[in-house]
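Presented below is the structure to which this report refers.
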Amino acid sequence: MPTTATAAPAPDPMGADRTLMPAPLTPEAIAHLEERARHVRLETIRLIAIAKVGHYSSTFSCAELFATLYYDAMRLRHGEPRWPDRDRFLMGKGHAAVGLYPLLADWGFFPKELLDGYTRLGNPLGDHPDMTKVPGVDFSSGSIGHALSAGLGMVMGGRMMGRRFDVYVMLGDGEMQEGQVWEAAMAAAHQKAGNLIAIVDRNGYQLDGQVDEVMGIEPLADKWRAFGWEVHEVDGHDVAALATLFRRLKQDKARDKPVCVIARTLKGKGVGYMEREAGWHLGYLAPEDEAAAIAEIMGQPTGLAILQGDAR
Amino acid sequence: MPTTATAAPAPDPMGADRTLMPAPLTPEAIAHLEERARHVRLETIRLIAIAKVGHYSSTFSCAELFATLYYDAMRLRHGEPRWPDRDRFLMGKGHAAVGLYPLLADWGFFPKELLDGYTRLGNPLGDHPDMTKVPGVDFSSGSIGHALSAGLGMVMGGRMMGRRFDVYVMLGDGEMQEGQVWEAAMAAAHQKAGNLIAIVDRNGYQLDGQVDEVMGIEPLADKWRAFGWEVHEVDGHDVAALATLFRRLKQDKARDKPVCVIARTLKGKGVGYMEREAGWHLGYLAPEDEAAAIAEIMGQPTGLAILQGDAR
Amino acid sequence: MTAANILAGPANPGSWQYRQLNARAPGLSYLSDALSALVEDGHLVMAGTADLQYSNGLARFAARHPDRFIQFGISEQNMVSAAAGIATTGVMPFVATFASFLGLLCCEQIRMDVAYSALPVRLIGHHAGIALGFYGTSHHATEDLAIMRSIAGLTVVNPADGPQLAAAIKASADHPEPIYFRIGRGQEPNVYEDLPDFRFGKAIEHETGTDLTIIACGTMVHPSREAVRALRASGLSIGLTDMHTIKPLDRDAVLAAAERSRIILTVEEHNILGGLGGAVAEAMAEAGTKAVLIRHGIRDEYSLVAPPTHLYRHYKLDAAGIETVVRDILA
Amino acid sequence: MTAANILAGPANPGSWQYRQLNARAPGLSYLSDALSALVEDGHLVMAGTADLQYSNGLARFAARHPDRFIQFGISEQNMVSAAAGIATTGVMPFVATFASFLGLLCCEQIRMDVAYSALPVRLIGHHAGIALGFYGTSHHATEDLAIMRSIAGLTVVNPADGPQLAAAIKASADHPEPIYFRIGRGQEPNVYEDLPDFRFGKAIEHETGTDLTIIACGTMVHPSREAVRALRASGLSIGLTDMHTIKPLDRDAVLAAAERSRIILTVEEHNILGGLGGAVAEAMAEAGTKAVLIRHGIRDEYSLVAPPTHLYRHYKLDAAGIETVVRDILA
């Protein structure tokens, strides 16, 4: 992805002297996570059809992240959204919540039928997640830039309560422009919040266009490092790479630096024209186009992978 | 200063391939700037005696910066506070305005007699500068963290008006903790605001104690570089070094990166016990202690320089 | 299906994307066009936004006057403070973002850098109220009028539609104070014809009545007018005033209405605390009017999520709802 | 003078430094002590501040319970959002900074992360009003009541003194809603004895009268009481109510006063728009009371700079000033 090309390749902060390499994922595990990511995309399409407007592309770029976190990395208990020792997940990019809801339902945090009323009057599921209404949502969002602070607060509160859980905060790359993110970044390093994991969905686009054109954020890894974080860069669509990285991070209990995972992704991943068109941040697919998108996600043998690679 | 020790020594961004070295300052010029810095300190003491509480130490740390900017670096016209082509000066650390007012009076921007009513009812001079009341104050402040944004706005406005002036923004090191500073830093680099010069008064202390203990900001130079700025580190009490640096910066008209000058200073510089006591951020000197402080500033031969060097 | 048509993208006219938002919210073009008109009349104005140029339609202005447009990215506070800096140089900036972010997130920057500094910055808070429907509370602004009204030295205007907005923007060229413009989502039907008369602080009396007078602002003027028509048609004596300027409030208009009518009903897409209802309450209580005030709006709660039209119906903020509210009061 | 005494630092008792602020503002110790009492009673509370531990005296709490104290540095917004995160884990956070920064700079974080999220965060805005005198507008908060009042789901309290603050903090341990506490600079004389009765939303009636009732809050209760004493001594029938909770407002207390008195005078260290005066106006206009409301406070302007006592005198917010205001009204 050209947008991150200016950053020097990151040395592996967990390399060499530590033996934190978990067993490789089985092909079945990988296939399962890939299937879950597809599920996120398909449900996103289904739910946005109800709302008639939504953030397809923002959700598609983090579908593998959702899948890996919720089906491999995070410690959760089925049907117990308020289990006090659960890992937490917060979304700075709350506008991708449409992809999260199906997973929360799958975890038994609320009845699946609620999904069918997405954004309808009286239903708790809106474009942005509301913790007071939706079991399993660890924090409300929608105003970009607050989530890392809230996540840090959870780390601090957990410490006072004598609990150690991991707190994952997914941020947009456009979100890097909000100053509060850097306040939280500085504070997390100062607080040695080793169990705080920020994930930047580096999909290259924000609302008004390419992040680098709207308001450049590179060299992003350098920024996080200069703010005292351990930084990892990873292909955000490679579930095996993601799962391996998150497992390694979980094993490293001695870490006293917060971790930033920069996940290189494609905004709109899975639907070719969305990957190529900045305008898809928000939009709506009429039923026929929806069918085509679904077919593509289900893996029509179109040779798209190559074409997508060239897309930008 | 141990607080900046973690930052790697900065390569000189203007070195080698550019010939921007101005003529060295004459001993007379240096003496003059030093005298002006002393003037800032003495006036600060005099004015705070009126208010009965004030920011001695915050002002003492930037006395040489005030002097060098106002008597060497900045383009100003005597008696013309609103000259449209003047260089601008903004204070993120507005609480040091008590040291600025005497210089503005000296430039003929308002009658010197106003100083005598500092902070008294009806007088325009308060602890923080108010641009609507005080001629020569380019922007109001007091809420830490806004000034760099406002300064960037001046650069942008100047561009639209077809004017090129330099905009100097003096920031506290505690101020680095405000997220808006990083919003502005990112935006200034994106806008290629080469005529924006941020000066961080790296005096090591904020209100509640040492910056590194309250909320660590190091490696500070790395942060600014990662945000796309040209960074210079300099002894903030060496008027010759400061003046030389600012002259070189002024000559470099081709620069398209904003510049951050990290001025290593001592909070309270000039009065020994203030240099050593974090508590002096805000305070009051009764007349006898004031007299001792004045004597020290006037240069009693006490061998203090060495002792001060050891102070922390 | 072939790879080709997948790659070609949606062909169906029912599909649309963010860049086409403008077309879906025709009311927004008034903003860009009014600003373009200022530029073309030789005014030194510029426009900026924080990653929302399609939401507020400023893309249209940016296309026409790229040298007068600044994109600030998702940094609203920097945008407002920078706008203040810009204003010091003699350029008049108009900066726009969702009212929730402008009126709440940037509230301190507005007080400090814009209002206290007395700089002629124009702040455009769009999609105010609950216009962002199922985007939820983060994107709703039902506090901004109360907040902006508490800030000294700021003019607060809530135009009823695009034409009135355009007139207000035109008038703003000579207005000495900074201004907060609160506008809707650009899908509201027009109340006025092009460039209606507009004076800051001068309310517009649509109808007078003795039973009850509605004082409405912003997006609530149109449905109130519809409601008033129906109510009058059924023989009730109902007045209607468009209080487009919340601050400075047109006290005379309030007192005249309170003199004539037994009941004043404020209607606003805002919390009933502190906004239009609050401002009218202050005027009435201070004058000791005989009339009683009833405030209609969002009743100090967080709105449900749903499409905006569903919410307007639910909260009785559409014509039928307002009519019901009045009938219930008079019953 | 020798090097030795220069190095020794000031010996004169008239000199003082920031760390001694606590001693100069005895009212602040109530904050730390009330929080310590909660800890010692076994409540899971913590306190935090943004580089102002001496200004608000939390240094005292921090010394006693270092494991329950978090220093956030100059990052107020991060502090508020982090406090919300902390609250999700079962710890009740009290976070304090100047009211200007808490009530204005953090207004959106308070709405989103605290109030909308319905988390039991306690926000302490100190040095509210014009208590920071010549520090100027950046440090004044004459808008915070209006702002906080517009936020749904937030209790807004403005205690009159240290003892009432302590009582309110104690009561807050079981209060379900998030709370904004607005307090002074800790140099106000006490109105109450230690741990007076306190119920959120229940005003305290000091005196009743028929000519005029003062409804005051926060730092204005003490001077109002002095003024009322003098006015009553000269034969006027003047009431006084301490409206410590601005939201939810004690409507009954307002209406009872408006029933008894011809005139209601609100007195607040705040803009007369949208704060206590605004809240009382809403209650009165809605009830259609016969009484007239007069609002006393900062008249929608930015305060001059001067030492606070000079400002209180100038703006008629001390006992003598309030007395004059009442006499002028009744003349």
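The letters A, B, C and D name the chains in turn, as written, and every chain counts its residues from 1.
Everything below uses one rule, namely that contacts are C-beta pairs under 8 Å (C-beta built on N, C-alpha and C of every residue); 3 or more make two chains touch, one makes a residue touch a chain.
If you're wondering where the values come from, they're calculated on a predicted model, not measured in any experiment.
Chains that touch both subunit A and subunit C are the following: B, D.
The greater number of contacting C-beta pairs, out of the two interfaces B-C and B-D, is seen for B-D.
Relative to the C-alpha centre of subunit C, the farthest chain centre belongs to B. Computed from the mean C-alpha positions, the centre of subunit B lies at a distance of 42 Å from the centre of subunit C. Chain geometry summary: the mean Cα position of subunit B and that of subunit D are 35 Å apart.
Centre to centre, using the average C-alpha position, subunit A and subunit B are separated by 42 Å. Per-chain CA centroids place subunit C at a distance of 32 Å from subunit D. Counting partner chains per residue, subunit D shows two or more touched chains at residues 72-73, 75, 77-78, 100-101, 105, 108, 112, 116, 137-138. In subunit A, the residues that reach two or more other chains under the touch definition are 130, 140-143, 177-180, 183, 186-187, 190, 215. Taken chain by chain, the contacts link every pair, so each chain touches all the others. Of all the residues in subunit A, the ones that touch subunit B in their complex are 176-183, 186-187, 189-190, 215-217, 219, 222-223, 225-228. Contact residues on subunit D toward subunit B in their complex (touch as defined above): 1-3, 5-21, 49, 51-55, 59, 71-75, 77-78, 100-101, 105, 133-139, 304-307, 310-311, 314. On the subunit D side of its complex with subunit C, the touching residues are 100-101, 104-105, 107-108, 111-112, 116, 137-138, 142-143, 146-147, 149-153, 247, 271, 273-275, 277-282, 284-295, 300-302.
Across the interface of their complex, subunit B is touched by residues 44, 46, 67-68, 70, 72-73, 75, 77-78, 80-91, 93, 108-109, 112-113, 116-118 of subunit C. Residue ranges on subunit B touching subunit C, taken from their complex, read 84, 130-132, 138-143, 146, 149-158, 160-161, 163, 180, 183-184, 186-187, 190.
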